[in-house]
Amino acid sequence: MITASSNKTAPRRLRLGMVGGGKGAFIGAVHRLAARMDDRYELVAGALSSKPDIARASAQELFIDPDRSYDSFTEMAKREAARPDGMDVCAIVTPNHLHFPAAMAMLDAGIHVICDKPLCLDLAEAEKLAAKVAQTGLLFALTHNYTAYPMVREARDMVHGGKLGTIRLVQVEYPQGWMATRVEDTDNKQAHWRADPAQAGMGGALGDIGTHAHNLACFVSGLEPHELCADLSRMVEGRVLDDNVQILLRYKNGARGMLWASQVAIGHENGLRLRVYGDKGSLEWAQEHPNHLHFRPLAGQPRLLTRNGPGIGSAGLHGVRVPSGHPEGYLEGFANLYSDFADQLCARLNDTPPPAASLLVPGIAEGVKGMRFVEAVVASSQRGAVWTML
Amino acid sequence: MITASSNKTAPRRLRLGMVGGGKGAFIGAVHRLAARMDDRYELVAGALSSKPDIARASAQELFIDPDRSYDSFTEMAKREAARPDGMDVCAIVTPNHLHFPAAMAMLDAGIHVICDKPLCLDLAEAEKLAAKVAQTGLLFALTHNYTAYPMVREARDMVHGGKLGTIRLVQVEYPQGWMATRVEDTDNKQAHWRADPAQAGMGGALGDIGTHAHNLACFVSGLEPHELCADLSRMVEGRVLDDNVQILLRYKNGARGMLWASQVAIGHENGLRLRVYGDKGSLEWAQEHPNHLHFRPLAGQPRLLTRNGPGIGSAGLHGVRVPSGHPEGYLEGFANLYSDFADQLCARLNDTPPPAASLLVPGIAEGVKGMRFVEAVVASSQRGAVWTML
Amino acid sequence: MITASSNKTAPRRLRLGMVGGGKGAFIGAVHRLAARMDDRYELVAGALSSKPDIARASAQELFIDPDRSYDSFTEMAKREAARPDGMDVCAIVTPNHLHFPAAMAMLDAGIHVICDKPLCLDLAEAEKLAAKVAQTGLLFALTHNYTAYPMVREARDMVHGGKLGTIRLVQVEYPQGWMATRVEDTDNKQAHWRADPAQAGMGGALGDIGTHAHNLACFVSGLEPHELCADLSRMVEGRVLDDNVQILLRYKNGARGMLWASQVAIGHENGLRLRVYGDKGSLEWAQEHPNHLHFRPLAGQPRLLTRNGPGIGSAGLHGVRVPSGHPEGYLEGFANLYSDFADQLCARLNDTPPPAASLLVPGIAEGVKGMRFVEAVVASSQRGAVWTML
Amino acid sequence: MITASSNKTAPRRLRLGMVGGGKGAFIGAVHRLAARMDDRYELVAGALSSKPDIARASAQELFIDPDRSYDSFTEMAKREAARPDGMDVCAIVTPNHLHFPAAMAMLDAGIHVICDKPLCLDLAEAEKLAAKVAQTGLLFALTHNYTAYPMVREARDMVHGGKLGTIRLVQVEYPQGWMATRVEDTDNKQAHWRADPAQAGMGGALGDIGTHAHNLACFVSGLEPHELCADLSRMVEGRVLDDNVQILLRYKNGARGMLWASQVAIGHENGLRLRVYGDKGSLEWAQEHPNHLHFRPLAGQPRLLTRNGPGIGSAGLHGVRVPSGHPEGYLEGFANLYSDFADQLCARLNDTPPPAASLLVPGIAEGVKGMRFVEAVVASSQRGAVWTML
């Protein structure tokens, strides 16, 4: 029996499988590291590449038993489901177009899923997945990892606790510069598939980072826009998908917002930044300095909140590993999702209620919302950047 | 005779008059300080308030000869024009609705004008003023003061010199928080007239700071948007004019932009910030740290350019008073406009060509563009935030 | 009659003379600009250069009556003292070695003095000056200008008000990099005299900027070290005076401190920075961002105090000219000294008590302390960096 | 056989044991996480606490075989050495006073050692350990973890490559504020042993963080001071060991330095910051923003170097896990030491030469230097802060 409350008394690690993430991949290694961080998982199986030799060599490097290195995710789903020590949960870390079939295969085999974002290629797929999750009752995590930084959790909690009053403005941006030239024509594997509609879906910067920005803004503000006006651009000659996204947002309560995501904003590395303004104060958080959160109260002095520092509440302390001033970063944030999801999984295995904090992990609902957002943005932009309901 | 090239050999200071700026006003004192900074002007006359006793008391405090303290700008224009030592130039620092009549009065009297922004109430007034300026041949300065910070001049010069390549993105914002509550109901004189359409015109945040943001973006980028989609909001209950402005911008060359101006963004003091991205690099400048300019070249390391520091060219050195590391601020930037305009005026008085740098002072043309911008934004927003040609 | 309380009702400007500050000088222009900023002074006389032709040409550029441009400060002192409209006060802006004779000449002639720092060449001179000031009863200002930034005033007030508790640590540094090479061998006039003991005195970096750092630390902390251990270095080959100063400090109450001043710290422009730590909190202020003050309370969240922003008391509001977010800089800080001293002078002329804030202007006492500091540092260093009483 | 070059083809993880680090400890968890980060180690044995029940409970939580949870490190050393699958290497994460006996026990048993800093209690112990390491030929790592941040490696490489020219100044500081009150009287276990000379040794702040600062300064600058003048203070009433360290440093080449470490500097969390100045440029790195390195060349513009960003060389790219803009932090830096040491260990096991980068891990020599530094500082301070040879 696995005790849900904490890994401290868990008698075993959760058994993790992985689809994608073989040699040369980026996000797969991040998922593995995130899974390993708090020692809640062991990697036991993989369909790490669609090329069998790469799959096998990758598995060997990762100390995966050769018997559990598979040539396809369908095979893996079937065979792992049949094992008494089969994997508990499968991480899907392929390019976007494979999220849907891989996730469906796992769910059909009774295996819980951790899926990289964006959820899939379109809203139709998303709704099929949601229906499957509902029908199977399996657990599903979507790795919008930026929601799991402690100071993002603290920010969300402050908004929900009324520290900002009524929200008036949500300004979010996610500029990057790495695709300012035709990098997809080089041997950059990451750029290559992101620039290819067949693998990436209908959104370029939109799907890759715009969905992160949208998700983060909703997560912290507690608000979802109901209407948007979006202008998608292709700044680099010959590119098929958008590399720059500019959106005006309207919220039902009268709040307004702007979202900017770009892959051609030279000088930015991974510049996700969120500012939320209410009638009592504002918050600012930037991914590149994730241990800091700026709170600026109405008529008061701006305050710097630091991870694990003075005045941080339980929301912000959750998932913290080291003292204030010892910076945690991207991998720790990502790992928080894995560890929270481990809490969900252990609770399920033990038939106990999951701890509340673990339920903040984005799931299938956020995936559906993300796809709805992508479709609305594309529709708005294609019709000339007109207002479109979400 | 006045020699234009520099004040160093000017035999006299220019004679300055002022409309508005009596006790309790804000921007009038700034203009006077800016005029005094480089000792190019002496304040000789004033119609400092529409209330005669305030006008007189204010003049006395400012060492203005009581004979040259006037009860109205029309009287001042007439009588100063008749004096052999009459004022050379008049600064207009009233609320917006008086800019037009005061400027017309001065121009009709043959007096050069320095006018606070925005130029006037609407495009029709602006075009009449432009026609009058053209007809009289008089000089006209519009105090979009942010264009005169040395690092803004350097930024503009870098763009024009091709350091950024072809411009793709112009992101400008001007958040303030001081009107996040109904401050216009208090005794805050600045808030009172800014919230009153009769005095401020058709734009609230739009006219007051949106025009600054627009002007700065055009000044540095060298581009003017030809189409915009604007969403004006009133976040504070009962307010008549907009206090939040969000705009998508399109440029003829395919570039895109966003403009955000707000008076309800709690936590911001005077957060004008401009970012311009080309295909070879980007620039970032923030008004609250005006001695710094960030240049981020494609595939290179970000560089910090400092006022009067290494590598600054003649555009950025113009107007610099003290060594690098000795911060100059808002008043020095404002003073640069006055001193540059003094160069124009001296050249005119001496019938010599003005130095090139002096011609960067925003003038009547920028005022007309600003009014066209305001009208387009209001039109776009009123029709539901639809794309509108500029 | 001059009313002391404010310039608002002063019937005339104070008459200012100047020794030094002719063409090519740096600090003289700063003094003039500071005097002009708030319109409290008019420059009426000058002995602007020891070279008569430069003195005359400089005076002409500055609109000084040719009759009041003098070839020597002794002549100026004598003749101005004899005029019914003679100057009220004289600014001394020469290299250090002339401070003493020029100040003595003015005091002997009954003229108040504003003297640039450091006060003079050694403690003996300083004490003679102090005796003369005491004997004549004249007013004396020493332009340790960094004490007059509003946020420095606020910092001092917070310390004095107990916000930091008992002071434990005073860490001050003043790194510059402009003398990292033998710039005194170029045509850099500023470097030339600063590197020459005959003109600069016994301290290089020590006298030029070390005294500023020392003065600022004492001004804000309210503490004076009673013992120090100093290591002076000459990092640039062939230089006679120190270009790097490192000091350990001890205070009577058990507090400790460190002072570092350097002219060879490449990458720093004018990096004066003070940190003061008590048992209840700490403060940090940096000259290059003078509108900000960081307050970090024990067990609380760090707070950003901004010039004219929320929570600033009367000490920090004194001398403020423009709203928060509109940066003031070096010249405004310098001007605050001039305007405060104008308050002292007007009070004297009107035989009224000076306003309390005006008495914060550093004076002859601070000058004596500065010279005592310089001598103690040199003595400590020459004996091998041993502990030396102040 | 284990191949040294990389874990990519290592057939097994290294077997790690641990002394100390049971429930409630801090640094033990950090070591375990660092060991796990790159999947190079598995934790197989432990003497996790001197209290048997805590040792056992802690082992269970960490999935350690109960048979390999030991009540003492002597027992662990003996029994693990006797196993065919015995541990390869032992991490020692106890309070300082146990480092020496635990390390000696492991070395005597033929087990490689990873030891937390500072090495031990005094120089005599350090030299005995060094002799033992030399005699046994075993590998020894000392976790001065700050040396393993990628940007610290880059900084060191830039200095060594001559980018800064001849070094003139080394300014290092390590302020913390967490011991500004008598926190050792609370249930804060970390404070308790650090304030106790029997467990911590002769240095308080000196041993805990001063040694880190010293080590980092030497690592990056490539210079070791040969003489120092140190003033140790106890700012908190009743504390036995120093909580504030201020030191002047002299280097053989004429360079100078200052070192400040404090546990009572309220407002600082973990403020380790190093600045190195040469005659061609300077570097600045701050632990709280470890992904950034500031390079300021003589007469050039300051440049921001970012982890994995433009222009980073192989030294700085070593150990990097995620793209630029995705912050890595304290744990990743710590893990780099573990992974580099894994390279050393694998090379040893395979009898191949270790990769050059792996040899940058601080070892026994750095431990001896650290103890020599501590003794010199204490001696200097006790004699009244006089200059003392290192």
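Chains here go by letter, A, B, C and D, matching the order in which they are written, and residues are numbered from 1 within each.
In this text, a residue touches a chain if its C-beta (ideal position, glycine included) is under 8 Å from a C-beta of that chain, and two chains touch if they have at least 3 such contacts.
Quick caveat: nothing in here was measured; it's all calculated off a predicted structure.
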Homomeric contact chain C-chain D: same or different residue positions, threshold half: same
Interface with more contacting C-beta pairs, comparing A-D to A-C: A-D
Distance from the mean Cα position of chain D to that of chain A, given in whole angstrom: 34
Where chain C and chain D are represented by their mean Cα positions, the distance between them in whole Å: 44
Interchain centroid distance [CA atoms averaged], chain A/chain C, Å: 56
Shared-contact residues (touching 2 or more other chains) in chain D: 268, 302, 306, 309
List of chain D residues in touch with chain B within their complex: 295, 299-306, 309-311
In the complex, chain A residues that touch chain B: 168-169, 171, 177, 180-181, 229, 231, 233, 235, 244, 246, 248, 250, 254, 256, 258, 260, 262, 264-268, 275, 277-282, 284, 294, 296-298, 302, 384-387
Contacting residues of chain B [partner chain C, same complex]: 7-9, 12-13, 26, 29-30, 32-33, 36-39, 61-63, 176, 178, 268-271, 287-291, 306, 309, 321-332
